[in-house]
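In structure tokens below, several structures.
In the two complexes that follow, chain A is the common piece, with chain B as its partner first and chain C second.
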Partner chain A sequence: MNKKMINSYVGITKDAVFKDGNKVFSFNESELLNENLRALYKSEDLKYSKFYKMDHLSRLAYLSSELLFKDLELSSDTFNEMCIFLTNSTASLDTDSAHQKSISSNENYQPSPSVFVYTLTNIMMGEIAIRYKIKGENYCLIFNKFDAEFMHEYSDMLFEFYGVNHLLIGWVDVLKNDYKSFLAYVSKDMNAKWDFNSDNLIKSYKNELR
Partner chain B sequence: MNTEELIEQLKGEIIEQLNLEDISKEEINPDDELFGAGLGLDSIDALELIVLLERSYGIKIEDPKKGRDIFKSLRSMAEYIQENQKD
Partner chain C sequence: MKDVYITGSNIVSPLGMTTQENYSKVKKGVSGIDQIDDRHYYPSAFYGSLITDNQFLVQEHSRLESMFIHSIQTAIDENTEPIDKENCLLILSTTKGNIDLLDEGDEIHKDVFLGTLSEKINAHFGFKKNPMMVSNACISGVMAINMAARYIETGKYSQVIVSGGDIITEFVVSGFSSLMALSAGHCRPYDKERDGINIGEACATIIMSGANTNSSVKVLAGFTSNDANHISGPSRTGDGLYNSISKSLEDHKISTREIDFINAHGTATAFNDDMESKAFKLAELDHTPVNSFKSYFGHTLGAAGVIESIISVESMKDNCLIKSLGFKQNGTTFDLNVIGENCNKNVTTVLKTASGFGGCNAAVIFQKDE
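And now, the complex of A and B:
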């Protein structure tokens, strides 16, 4: 079995943003998710107007991917072949709730197409795929909590049996003002920093890998 | 309300409804295309504009084919509202 490596990873928690284990941005803990993500978007000097149209889940995933890929200088061929495998615990419930609220009464029946369109986790992955022209398969599985062992085993299967050479893997979870994102880029690049295994996945999820 | 005043009102409504937070009212030319090269709106935005017309102005677009002309620009949208809004 060929060895796989974690090239880089990003974590966004309620108080800070980490890249490869180092804190790169601090949030104002008293601010709500929306304000913090906007502050991060502006701090990174990003110009991607679609950001403002996204729901919270997609914004979190999109920003995580921008931070992850910004210094890696990956080729279009690499993105072409990349597969996305994300997990979370609440699927798209944050936006599902907003949509449900808009249609819950006959007197105030005001569904919004731009809200409804985000009531699937597929859209979060689609936003990243559109941004980077990623054309590999994508999966989002729902777990009670971050399951490094399953994620590692499933990823191994993708690499070994489905010919995947580049993988964007992670956990992106949002419900109201409770959120966490973790994205890692995994490949067969032997010059990368960390072995791809469940221990290192947990350490990087906890931002402890340096 | 005359056409120019309605256009100004629509600018604010569109920025809010379509989450165009990075665009100011002053940057929107009333004669620019709303879709494509102009404001760059997409198909979901088109649905939001249809909802906006119905919710804010009580106008329901019965023939979807007319949408292309109605939503050509802010000015065409304002003129359609003026022609079709019931007092």
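And now, the complex of A and C:
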């Protein structure tokens, strides 16, 4: 049985973007989330028009996935069977608040379907799945704090007993101008650098795994 | 892999406060859906399944928390084995949690955070293991059951409590209304005249164990899959749901002929029911008897997978196929064998499926322990 390894990971914080623990892009701290994500999209020279329809949570998840997968050269078969396992603490509250505002007064009652569809946290997984044609298992769970032990234990089970060979795992969280994203690609690739365990998950979540 | 047994359950819904009350009403063809004309929920009248008997309310807890507490406590009281508070795991499932506590202000009420909701319920019962909260659209309940079954199958836990709940709120009703997804009357899954969903509120609990203490039903954990097609529209081909069904059956070496009936998602939107008919055709399950319980409970979102699994299990134990209320004439892309009237049949194996926004699909199998 090959060991499970973290091949690569991406972190987006309020200050900067990290790839495998190295800073690859700096945000202008005085800018709002929206402006920073647009700047990142432009700097990566991405051409994915769906980006502009997404809410902040999906944009953050989508951009993280682009940065993670761009150098990995994974095959369509790999994506097809990949499992996505995402967690966060604020669910879809960033967009929930927008939907709530749209129904807050009788005079200006305008719920929007294009906002409402983003009031489910797992939509961010759907957006990544559509971008890469990922058709494997999906998991979306909510915790008040990043829970590396749970995430490692359950995904270890997926590899050992439930046929998972490729896993996209992470934490993507947005509420107003607080945001944090962490995505890692885990597989049984022996050439990868890091063992997949809860200590390394915590280090990579902090962009400190090198 | 260890066997997984159902040792207890509960349903809190407009049809009753126990599994037995709910099952006997469903068997009689009673629906919880009615017209709701109350500005608290929506500016105009709509059809939904609302709990009006508020006996379950617990002091210092929200409406949804009270439902969770009542449902879990009742399931524990009726469970065939005592609960090991030190070692049991609680998995909750919801789409929107305490979303009724969200207002337009800048400060978000702490109980709106789903992690806080699961911690509060866990603390109420004094469970020592950290709880889990699944929020994966309309497959949340089936996903939670599958996770629980896997934890037991692999020996990580020997007792897991799954509870799914969601309430009717203006937040949800206005959203589905904006999507033009609400039915003008009672929803009619798979019917030619179907025109959308009814929102429902409910909470349902299943207790699973690795030990067979007077249980007659096993849970065979299934798989989830993604359509990778559209965030709010179901797959055009049904291949995502097909994949989750075929992987689940293969994993347990169960042939399609062994499935006595399917309790499907059946929301009664045009697109969802068509997609399911394509998936069942692909799986060669289009001749298998199928029903949807959405016309009894409405679409109860995070509770749906749990509540529908419980009613399916009760109907299996009762050897009774339950009619898909509201169905008159086939109206899906491929004709399905929709159950039109209750009938007696020896049932040993049931397939339960769910699909949701974000392109997600899930399946789970229940089987008599014989």
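Everything below uses one rule, namely that the second predicted complex is superposed on the first by the 208 of 210 C-alpha atoms of A that agree within 3 Å, B and C clash if a C-alpha of one lies under 4 Å from a C-alpha of the other, contacts with A are read in each partner's own complex, and residues count from 1 in each chain.
The rule we apply is simple: a contact is a pair of C-beta atoms (placed from the backbone, for glycine too) under 8 Å apart; a residue touches a chain by one contact, two chains touch by 3 or more.
Here the structure is a predicted model, which is why all the values come from computation and not from measurement.
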Touching partner for A:G136 - first (chain B), second (chain C), both, neither: second
Touched partner set for A:P113, first chain B, second chain C, both or neither: both
Which superposed partner A:D20 touches (first chain B, second chain C, both, neither): neither
Comparison of chain B and chain C by chain A residues contacted: C
Partner chain in contact with A:Y154 - chain B first, chain C second, else both or neither: second
Which superposed partner A:D173 touches (first chain B, second chain C, both, neither): neither
Touching partner for A:Y52 - first (chain B), second (chain C), both, neither: first
Those residues of chain A which chain B touches in one complex and chain C touches in the other: 111-113, 117
Footprint of chain A on chain B - complex, ascending: 18-23, 40, 44-45, 47-48, 51, 55
Chain A contact footprint on chain C (complex, rising order): 1, 43, 95-97, 99, 102-104, 108, 112-116, 118-119, 130, 132-137, 143, 147, 150-151, 153-154, 156, 170-171, 174-180, 223-232, 239-240, 243, 356-360
Complex interface listing, chain A residues touching chain B: 49, 52-53, 110-114, 117
Sites on chain A touched by chain C in the complex: 84, 89-91, 93, 96-97, 99-104, 106, 109, 111-113, 116-117, 119-123, 125-127, 129-130, 132-145, 147, 150, 153-154, 157, 160-162, 175
